[in-house]
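Since the structure comes first, as structure tokens, the remarks are kept for the end.
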């Protein structure tokens, strides 16, 4: 299977659905019978990117597995807003254990499934683990790396919003440079989060040489669904890192969540690609190149860069990071593509 | 089948007979031999339909166990000491979620200073974690308790720790009676999970519970342990019916019928204590022993009943509630509240310090005379301690205490410059 | 399953939590006015019919089209498509080729013999329509749809008005015209040819409940040019009308057309096709001031028509043979008006055709009281009614902008007003929704797709024959072109709102039924509105 952009010139490849496509070519989200794995009534903030990303991803995984799916969830916004007693928004078998162990819990689930299947006591059920960037790149990193290294049959999905939003917007190892958080205040000679720190877990996942690693954003639904579907067709450890803007933590308007993700991708701030066994196999090229300023300016977490005297040097450093991504992952807009 | 074997291996065989489906392993002494044995059996195919997972930490071990247990697999792991502490968050989580995981704790001291030898500090640090804790006195009891543990855990939907003294039991070769598969199958039914992650009947496990229901959830955990108090003695009887051995239960009394002094302890040290008691009985002393098998739930009524006719009791424990005294002793004292007994706490055998018959003779004699301090540190080298205290009084930068004292003691280990 | 208390929960139980109560703003679905529709003089719902064309249901598209305009095959050829000028797609690549799709639909209808949907029940009322040009045909059609009997009286021997007698064949093949007129007659419109109405009031007494005047503007405007006898000075109306006779007008080897409108271009191109070696347009001003449409000027130039800019004809019929004319060079003053320069040029011309505009023949209205005529045009109200109750008018005689499309629009507008008037009411047009401007849309979702060019007739054939210059689209590229429509301001069921809602609070109602907000759960984040490609969702403040 490969990503086949739908050539339809009214809506292009980019809308959720398309009344003119054959049903099997439509996105999962366009389907009236989608599982809506994360149902209404959850307590996420208005315009929550993580709630959106989680429904996108889990619905796609449900679709790909014929609804034979179990999810393990790290502590964090997604867990808290979806399952406060006495209500859960999940429509799938789901477990929350701890902040730092979602990958390991998923390993256990996968092991149990394997044994049950061997014994003829269960079917081919698949496992997804999911967590935010804190639960993935920081506290859950040990378990994540272990799961990767053992090549356990788990798809781990990280919903990256660049910080500990659930606890009140503190810095994580996925917080981008210069961003304001409650623990990287815009004070002192280097306001906001410092440069030259942090880690990009997709690259680390690739270093484990696991069968599949991909990044995605909530702005490119079809790409996201394609990647989740592809991942569910592979056995072994898989990792998808989804950029999910957070209106609260980023200081953006609730209606701009998807726009922000789109800007992150179009500026090169967030490279969207997929890799197999440690090698990049394809990238989602930039469609309409933009300077990083377009992405930074709408976000209050970067407001200190745009004061009376704009922090030109800092913006240039961020631009350099985006340019590096564009070079490294070959994200340049290509002729003839969309 | 009678067999001369290492304690760890006997446990591994017992666990294998229980048909575990997922085993997570992370090496830490003195538990390693158990999972090594199981790993070998899975790899060789002797233990079928079982996933043996080499995890990256004890935290992962318990987390994997949580996942597999919640998915309906009979799950086992083993740990000790630092390993138990490293998984603590998940240990609490497993019991909070009501997952019937069975875990062997090969009891070992907790650092610093790092120490690989036996005491009960590790398990007892987890006394409030919500797990059932059963202490084995012998290797036979250790292997038999594992078989009971799975049944108890799965009936109550609660995790069970089987605690056995590190090295003293785990590494001791003894004759044990290994039951047959038929016997175990007759005693232990297949796991019927109370809740399970299943696409056919989806549930959300692990909700966030606020003030409106949290107290109730905790009370229910307590109530389950209270149910275990009833179930544990029954299970010992059921076990005896199948296997012909009296193993398990809440407590074991030994020569307590007319005892004025009753010594209370857990684990392998009971053997030494019983020998001493036998000798003192021979000398006419009215002394007996109460062994506690179930530390959690703590058998308050059973302990009170066992101590009903004595005049004094001595709790000899391989643990220390630093800044307070005994851990087991505290629970025993609560059990005998209002009974007007004289009670002594003896902290002994920390970090593998040998508990000798000689010392016990002297100790119990002193207790019988009513001369024992309320809290006693058995065979403490006061000279070393006092010298260090003096050093610290005199010098602000007195250096690391453990290393200084080792130098004083002059053991091999002290030859580190 | 005996679930542990509180820790383990029943799936989907969060539906009990109505997060809609958090909302301070709410999304609402709207239908905004697409700029193409707003620009269409015939009031077509272009976005509406393109919607069906996009799915390849051309018959449904055609039916949607003819709800407003009964002449799509004609319109797809002669309309100057102001719709395309308004099209939002031009902000992305180029405007949708609406006109070409319209022609494709019209041709499909003619090819397959599609019929209009049945008319409403007969009202028993009769309306006289005078003139069978686009205004008259349109009025008659709409009146028939509404159940009234429309009777057309036409002075000429053939129906079609200026579409037949003013527009050259190479732009509008006559079989296309005939087919669409025939469809109207089949629909129940009654046509009396060669029937001149001289007294409107008389006709009203004779069994008509209302009258629609659509007599057009056929009388050529003259300019005084001193001319000798030998020189042939003709007017454009007569030349173009003559093309419909058995014998084509004889214009000669060298033809000069005087004027700068579309009619001047039509005549010059006709002359070329009639065999003129030189066809020259003389125009007073510059190209950018020329009223003729740019694309027609361009086509004329391609065909070898030459244009003398900034020139007026001061004298004709000069010389021995009387076939010379004098042209004076002009210069634009600071206000952009041409002023004579006194610089003259003499040139040869076998004929001079004046294309200086037309006036309406209002003689039949002389006895009708209440009618107001101003600057040669009959004055009408918003419902196209003249000062005389029950007498309505439209087309070239009632408007400044004299195009087929405007006339069709007039006909429809008048029909609605007549329908209301017959019931003793006054037609009130529904309020227009706000315009779907480009900034209300999210263009990200549309992929780039440049306009499909219509095949253009080979240049040699264009210079010598009256074959149609512009070809039509075939099915594939008509579909492609239709699908370039961005559906501005009107939901086209792209499922974006259904997909992008983080709260799963959009209900998809199924094909053709669009969507509904589930206000029980909608938190009012507004992502749906921001990500709606076509701007069909608005956000309003929540009142309570």
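First chain written, first letter: the chains are A, B and C, and each begins at residue 1.
Everything below uses one rule, namely that a residue touches a chain if its C-beta (ideal position, glycine included) is under 8 Å from a C-beta of that chain, and two chains touch if they have at least 3 such contacts.
Worth saying up front: this structure is predicted, and the values here are computed from it rather than measured.
Asker: Given which chains touch which, is the overall layout a line, a ring, a star, complete, or other?
Answerer: Drawn as a graph, the chains make a fully connected set, so complete.
Asker: Could you let me know which interface, B-C or A-C, is made of more C-beta pairs in contact?
Answerer: More C-beta contacts join the chains of A-C.
Asker: Where the centre means the average of the CA atoms, what chain is farthest from subunit B?
Answerer: Max centre-to-centre separation from subunit B belongs to C.
Asker: Compute the distance, rounded to whole Å, between the mean C-alpha positions of subunit A and subunit B.
Answerer: Chain centres of subunit A and subunit B, defined by C-alpha means, are spaced 44 Å apart.
Asker: Go ahead and note the Å separation of the Cα centroids belonging to subunit A and subunit C.
Answerer: Here subunit A and subunit C have centroids separated by 50 Å.
Asker: Taking the mean of the C-alpha atoms as each chain's centre, how many Å separate subunit B from subunit C?
Answerer: 92
Asker: Residues of subunit A touching 2+ other chains?
Answerer: Where subunit A meets two or more other chains at a single residue, that happens at 82-83, 85-86, 88, 90-92.
Asker: For subunit C, give me the residues that contact two or more of the other chains.
Answerer: If we look for residues of subunit C contacting two or more partner chains, we find 6-7, 9-11.
Asker: Among the residues of subunit B, which ones contact at least 2 other chains?
Answerer: 97, 201-207, 209, 213
Asker: How about subunit A: which of its residues touch subunit B in the complex?
Answerer: Those residues of subunit A that touch subunit B are 67-70, 72-73, 79-80, 82-86, 88, 90-98, 100-101, 104-116, 118-119, 122, 125, 142-143, 145-146, 149-150.
Asker: If you look only at subunit B, which of its residues touch subunit A in the complex?
Answerer: 21-22, 24, 49-51, 53-57, 59-60, 63-73, 75, 89-90, 93, 97, 197-199, 201-210, 212-213
Asker: Any idea which subunit C residues touch subunit B in the complex?
Answerer: Listed in rising order, the residues are 1-11.
Asker: Could you pull out which subunit A residues touch subunit C in their complex?
Answerer: The touching residues are 7-20, 26-27, 29-30, 32, 36, 38-44, 46-49, 51-52, 55-56, 82-83, 85-92, 221, 247, 253-259, 262, 338.
Asker: Which of the residues in subunit B end up touching subunit C in this complex?
Answerer: Those residues of subunit B that touch subunit C are 96-98, 157, 194-196, 201-207, 209, 213-214, 216-217, 220.
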